[in-house]
């Protein structure tokens, strides 16, 4: 793990990158990283995020700035800008069930090729997917999902990169921290090693590539 | 008592002590207000919480403690938090005893459509498909009709949420179950006749001689 | 959740039952429940457990008492009694890779039909299994595993049934607590509601059916 | 210096700062004793710990803190614990930078057999198959020969652990790699000649003109 400034971290992300972003309706979202993506105008992004949040909030800011060209999500109903951009075919949107979304990411992070889920069998979601029977019951084969970058927001991060999360801000962050080539983390608090007890670490340090330092000045 | 309150009160009577319950947005959310006295249930919020409590007093909200819509909530003593993989493991794995969801259409076989109106509303299914596939009991809480059109239809014309039938539909006019896979009128709202309910119901309903009144 | 005596809990388990037992080489194993299974002489058990521990320790006691007729495990090398019973065909043993073992149990608990794993492709483990390609890479389809009972050992249990685990005693306990029809828990300490902070609960209360009360007297 | 120490010292030189490392039982365990000064690595124990520390002082052992063999260990500051699903997610998912495992046979293509001798040793594969399938680098640490028979064979006669080749084999006599999928002699132990190594090696080894001595 290396501690870097937010400018330095975002400078590493090329335009057109695939990026997983933690958070659920903006809660648990690494908002400082999103602000910096907008400031550095990284365009053509492939975003993998549960939702599109709201205009002006969390991932929503990427849609305000029209930086997204592809979105994989479970629900964008509360962000009219994302919906407009989808209907205008400005962004390609892949909407998938939330339980499938998180299992695909987990599979990507855990070295699994995919999982068999009953969710979506016989619905529009099944189109183009392999259906596999186990003990006579039909399941959809949902394949692993990975990204070049994961932007993760923790509650506590220690100097080694161990992370813990608070309340409902945990959501997709721990699975995404396993499913990307490069993991960049912001935290509400950076604390000395040992402050997070071993049993309370949710994301072990070796998973974290970059920890964003506190704002200077 | 307005239509929403009738529905929410009646659904709340379906809950059993110790149940793990997931409430969808809209009318289902109201169910939490009518849990019968003495009954203790766990409410799950699929963004990662069991033990949701009421909206906190102004000034006590925490930005990292919200419901699935991103609105501040509180947590009761004994609450637990977890990631989304666990949250949907609970849902898909049959650990949620009851989920209460809104509906656009429910058909004569209990199939639900509640996530998409092609060409109009394409917001994404969020957790709905997993909830209908995985929860032990799925209860649909919705108005019986919208703009004069029955939402209890012979066959769903909108895209299905799941091919697994729901267990119960509670509307402002009736309670409908699906014994043997066939829509059956179980209760009617106070002040209504069976004929009045049938008149605004598109699907054919099995009806017994003596239909009790909805308990609310 | 209901608090019950250990005698009452084990009396509910019929001979021949399928039982998942938490623990890794006896660490994090619900040893009081195993002792009681032996005392009540529940025979013909189908045990799903990472290992066979050692004679006289943890799950090993079930082999000492010859109560096991089928074992699904990843490693039994340190229990000569279990090995002898296997070689004598007294017990049917299914040995599977540890990562596959835990994913099959997790799938069982999470409503998945199975997972695709690269582990075991092209080896003896692949025999009789479906091989599925994703993006040209071969994976084995490993199906979900469930049991009638899960015997789980926690560090802390509160009055509602919320559980937390300590150090390396967590291991298979949390996944097994999701993958059985009936979940029976022993804990090092039973504590009031609220002692385990929401962010530190690993197994939420609604998963627990029975909590074994402290020994009386 | 005995054979085991030679092997462990040489393997330890393969570790890089910040690596997540999983050590199998036997010789691999010894590697932790020879981590070069100034190098900071994380050791994982697959029963659910990152940050394993040395065996604690007598009387300070905790029964709930052990290695994968059930023996008491300690945990370093910054350690983390987790369940087995996470532990093997780390292993299968390529998050473990280096795993060091014992071997029964490694063949000319780098394929490893280390879990079973049909009719004799059938203890189960434990975590070995996942480690060889998933770790970024797999290093086999073993004696070059057992009872006078080469363990570096033309083709494994014992059941394979994985069809994925290992990256490096370190024995008491040599270091062998598999560039372009072909067993290649990279280093030889001090005091040995290439001829002496080849004489006790069953597999054909590619050999360059100038083979350096093992750095230990």
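The first chain written gets the first letter, and so on, giving A, B, C and D; residue counts start at 1 in each chain.
The rule is simple: a contact is a pair of C-beta atoms (placed from the backbone, for glycine too) under 8 Å apart; a residue touches a chain by one contact, two chains touch by 3 or more.
In UniProt terms, the chains line up like this: A, C = 3-oxoacid CoA-transferase subunit A; B, D = CoA transferase subunit B.
Remember, predicted model here, so these are calculated numbers, not experimental data.
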Treat touching chains as neighbours and tell me the shortest step distance from subunit A to subunit C.
-> 1
Once you find the CA centre of subunit A and the CA centre of subunit B, what distance in Å lies between them?
-> 29
Compute the distance, rounded to whole Å, between the mean C-alpha positions of subunit A and subunit D.
-> 34
Can you check how far apart subunit B and subunit D are, centre to centre, with Cα atoms defining each centre and the answer in Å?
-> 55
Touching two or more other chains - residues of subunit A | 103, 106, 110-112, 117-118, 165-167, 170, 198-199
Which parts of subunit D, given as residue numbers and ranges, touch two or more other chains?
-> 49, 75, 81-82, 85, 88, 91-92, 133-134
Which chains touch which?
-> A-B, A-C, A-D, B-C, C-D
Using the touch rule from the top, collect the residues of subunit D that touch subunit A in their complex.
-> 18, 20, 42, 49-51, 75, 77-82, 85, 88-95, 97, 133-134
Residue ranges of subunit A in contact with subunit C within the complex | 103, 107, 110-118, 130, 132, 134-135, 137, 139, 141, 143-144, 164-167, 170, 198-200
Touching residues (chain side subunit D, partner subunit C) in the complex = 45-49, 62-66, 68-70, 75, 81-85, 87-88, 91-92, 116, 121-130, 133-134, 159-164
For subunit A, which residues count as touching subunit D in their complex?
-> 1, 106, 109-112, 158-160, 162, 178, 193-194, 198-199, 201, 204-207
Interface with subunit D, subunit C side, in the complex: residues 24-28, 50-51, 53-54, 73-78, 83, 86, 95-100, 102-103, 106, 117-125, 155, 165-175, 202
